[in-house]
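Here chain A shows up in two complexes: once beside chain B, once beside chain C.
After this line comes the complex of A and B, so read on.
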């Protein structure tokens, strides 16, 4: 019984997905299906909160670990899922016949993502990765503009498939060298394994699938295109929920391989990560400068943020990991806010060009204010979490003496100011275009979600203590395992 | 009573509440009320303030007890595990600027009274929020908190220029934000660097003892002692200095200023010129010089020359402008060049001249921007060629503007003269010892170009003369001559609200010019604290050459100890 309680979050989400599927078969209306899914995601969030303090291994030892780290990440995933579902109530940008299926796929993918955060065995990890990926491939195609949908889906799927194949390839290296797929055993054998270059090659290949989800250079090509051509709620899901799980896995893998003092060759991994971080930040920010589409711009900004996260990841320290967990929570809220605005503004549009935001302060002061908070967060201006989170990330790298890297990151965030401010300029300083002067009225549910997200962004920015402590405890729990 | 916290946050919080509750028409009255209350609080703080410079008290920074010279100090742990606290406090330096800010805040509301007609609520909210950011910048004594307020200043101005500015406003506001942000992100890296490297060498134990803290007071203790770990660090000094120099603005980082000043609404220009530029100068005196005396000395020649270039270049650029507001904007570049020149002369006269110059610039340039705003409100143009002979039908306006112009030119008897004179005097005396020790090759090398101090002073003096040229030409073209433009004939003279603002500034200019002693007395302790670390660094070198004091007028306590440490 205790074991069932340990996997309560995943179970709840899974059952909700199955229930939604049943509703689909029964032919319930869109609204009902959505309500069932929303209730299920809320229950899932509750289940996460219940299991937040629990530790244990529900299945065969070594396969699946439940601890504060995994449960915290699951809570974040569940919360983000609730927020995405808030936006997924019959979006006009999707094919009408797909409205009912949208919540089902979202729930299914989230269940996979939750499993990723707990998986401590390579095959389990791979299965969770695939489970989380397939529903999303299906969702992108359901764009009402079929050409656009299939283009986005093809790009995402082809690259996703390649990335997960590479991951599998890397896993085979590691299995071949160590004879085990259990992370704990790999960690124990690290002093021996670490001296073999092939192990590090394998590890890097393994990370590919997750770096792909995070949209880090050189696995970033899909992000702007997919964000651009996915239906808005689906893009929101890809940009928020699926990032969390990828970050969780990266944290876990680096904790396994990098923290161990015996792994002198961990330096190789670090150099690769540094190079990737610099490339991602620079490329993401420079490319974002010239974007005309809001979602595409957010795609490039996501690449840049993946870079910032890796700046702290390469420190191989508990401070760095804590900073990443902290920043992830904040990043999620900020990104969701921006996508929420994109969803609302682009309700009847296939794409959301930046110019569509013109005069937003007249059309909906509420949305304009949300956009302000979200964009300030992504820019890294106080008093938002974007500032203090970035400051934690930079601190972690500087503690480690990576002075030049932090300087590059800081200069990058200065470059980013231009395109973020350009968005605000359009929203606040320009008059609305003639064809869309109508008042935008987001539904009460969206308003509530936006208020919660804005509150999180500001609260974490002004009084980060509480979140920081939880993140720190989670990382202690993660570190205790290896 | 948390006096300083109240002074800092009252404008923004009251502004937010008022913007949500007040009817649009009443917003400006409410904003004026808030600014007046804020000024009263500031005056109360100033009256209960010990200006003598002898104030020292025991205070807590987290668990530690330290001696501090900051008054009205408030301390709350914020992120204790990172050594970050909410600490605000005032010393002579910050108190002077806080008073200036509170006064100009009121003028900022008054000059927008009729010129801001759309989205009034937002405008006054941003004006009040800006006040909070500036007050916080002057009063924060935790560098992390300082950074927060420093960034907070940016956001309201972005919207003020972008929404209520003139034709080219969007270009100007983007340029302003990008310049400032570029400076401040590098400053952020420097601050984190300072956190991890804050420590002093302990000669007894032979190790560096690190103190992880963002508290300025703690940094000052570890750094202004001897063998602090920042001392030979050029990177953080440069990073901070560039961020501050962008705000000042120092040539060649000044190019945002003419655009931002010209496009901003009058209140924006007044606050920008009057206070915002001062945060740069203030921060250099507060952070760069005491925390990095070694690096300050090393870069002083370069900065001195850049200042001279700024003085002359700003003046020359002002001469050729056809837009009155742009002329005043370029004059800011020139005048603020004196400030950095004075600061980096490391001389009490020049330092107090620099502080006074900042106050003067706050008074006279704000006055000029007000005057330009008043003309613009009447004619909706700022081109010289549209004007001429305004003295005939706007006599009050002409007279008051004359005072502002003369104060800006530096006429003896008005405030501008004292600041510039002291800076020139100080920079002429710059390193008198070094000038005598010119034959010493190592000194000359270390000091770079400082043996040409007379050239510096000469350049700066030229700047003063140019200043007279462009300002008087402007005055002549606008106010003298025949009133030949038909459109100007119907203009009405100032209403009491308008001439009240100008008259107030004129009286202030006259008061400082005629009775400067109280201000100099108030500045003296600030000058001393800022220069002491530099003097300590120079002292050891100077002793060998048989001179008494490295920086004239700054006596170092415990000198024997210092020299013993040096050996």
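After this line comes the complex of A and C, so read on.
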């Protein structure tokens, strides 16, 4: 019974997915299906909060670990899922004959993402990775514009498949050298394995699938295209929920590879991560400068943010990991706010060009204010979490003596100010185009969600202590495992 | 298993993986890309089985069963998406994506 309690969050989300599937078979209307899914995701969030303090291994020892780190990540995933479902009750720009199916795939993918945060064994990790990916491939095809949807899905799926094949090949190296698929045993054998270059090659290949989800260079090509060509709520899901799980797995793998005791070959892994981070930040920010589409711009901004996160990840320290967990929570809220605005503005548009935001201040002051907070956060301006979160990320790298890397990251943040401010200029200073002067009225639920997200962004920015302590405790729990 | 067969298997696996990677980089037809990815998966499968024999444990073999099942599901989702793509465009050349660029 205790074991069932440990996996309550995943179980709730899975059962909700099955229930939604049953509702789809029974032919219930969009609204009913959505209500069932929304209730299920709220229950899942509750289950996450209940299990937040629990520790244990519900299955065969070593396969699946429930601790504060995994449960915190699951709570964040469940909260983000609720927020995405808030935008999906009458999903914009989806095929009308198929939009009922959106909540089902979202729930299924979230269950896979939750499993990813707990998996401590290679087979489990791989299965969770694929379970979280397939539903999203299917969702992109459901775009109202069939041509855009199927092209976007093809690109995303092919790149995702290549990344997961590379991951598998890396796993085969690690399995071959260590003779086990359990992360705990790999960590125990590390002093011996760490001297073999092939182990680090394998680890780097293994990380590929997760770096892909995070959209880090050189696995970033999909991000702008996929954000652009997905239905808006699906793009929101890809940009928020799936990032959290990828970051969780990266933190766990780096924790396995050892903090502060990195061997000479571990240094090579660090150098590779540094190069990838610099490339991702520079490329993402420079390409974002010339973007005309809002979602595409957010895609390039996501690549740059993946770079900022790896800046702290390469420090291989508990401080860096805490900064990452902290920043992830804030990043999720900021990104959701920006996509929420894109959903509302793009309710009747297949794409959301930046020019569609013109006059947002007159069309809906509430949305304009949200956009201001979200964009300030992504830019990294105080008093939002973007500023303090980046401060933590960079100081983790500084503590490690990576002055040049932090300088490059700071210069990149300065470049980013230009394109973020351009968005705000369009939203606040330009007159709305003739065809879209109407007042935008988001539903009460969306307004509630936006208020919560804005509150999180500002609260974490003004008083980071509370969230920082939770993140630090979670990382202590993670570090105690290996 | 003899040492020479072990090494031969690993070299074959590396060869398959390389062919797969090159195919992914050079081929432009969605089905060819898909086949290249399958080659990469099979390279991983071969490596897993070889290592499992080498260590005398069964985990690698189990992993291969899972990978094959997932690959089958992948083919299901993938081919469905290709059919959707083919219906609107009448061809499957991925470099002629005129709507998405960059």
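Here is the rule we use: the second predicted complex is superposed on the first by the 476 of 482 C-alpha atoms of A that agree within 3 Å, B and C clash if a C-alpha of one lies under 4 Å from a C-alpha of the other, contacts with A are read in each partner's own complex, and residues count from 1 in each chain.
The rule is simple: a residue touches a chain if its C-beta (ideal position, glycine included) is under 8 Å from a C-beta of that chain, and two chains touch if they have at least 3 such contacts.
Given the structure is predicted, the values throughout are model-derived calculations rather than measurements.
Q: Who does A:466 touch here: chain B (first), chain C (second), both, or neither?
A: neither
Q: Is A:151 touching anything from chain B or chain C once the two structures are fitted on A? First, second, both or neither.
A: second
Q: Using the touch definition from the top, say if A:399 reaches chain B (first), chain C (second), both or neither.
A: First partner only.
Q: Given the touch rule stated above, what does A:228 touch, chain B (first), chain C (second), both, or neither?
A: A:228: touches chain C, not chain B.
Q: Spot which of chain B and chain C makes contact with more residues of chain A, would you?
A: C
Q: Tell me the contact category for A:181 with respect to chain B and chain C: first, second, both or neither.
A: second
Q: Report for A:138: first if it touches chain B alone, second if chain C alone, otherwise both or neither.
A: A:138 sits against chain C, while chain B stays out of touch.
Q: Touch test for A:165: chain B only (first), chain C only (second), both, or neither?
A: Only chain C is touched by A:165; chain B is not.
Q: Tell me, which parts of chain A touch chain C in their complex?
A: Answer in residue numbers: 122-123, 126-127, 130, 134, 137-138, 141, 146-155, 157-158, 161-162, 165-166, 168-169, 171-173, 175-176, 179-181, 224-225, 228-229, 287, 296.
Q: Which of the residues in chain B end up touching chain A in this complex?
A: 79, 81-82, 147-148, 151-152, 154-155, 158-159, 162-163, 169-170, 173-174, 177-178, 181-182, 185-186, 188-189, 192-193, 195-196, 235
Q: Considering the complex alone, what residue numbers of chain C touch chain A?
A: Checking each residue of chain C against chain A gives 13, 17, 20, 24, 30, 33-34, 37, 40-41, 43-44, 47-48, 50-52, 54-55, 57, 59-60, 62-63, 66-67, 70, 73-74, 77-78, 80-82, 84-85, 87-89, 94, 97, 99-100, 102.
Q: Residues of chain A touching chain B in their complex?
A: Counting only chain A, the residues touching chain B are 376, 379-383, 387, 391, 394-395, 398-399, 403, 406-407, 410-411, 413-414, 417-418, 421-422, 424-425, 428-429, 464-465, 468.
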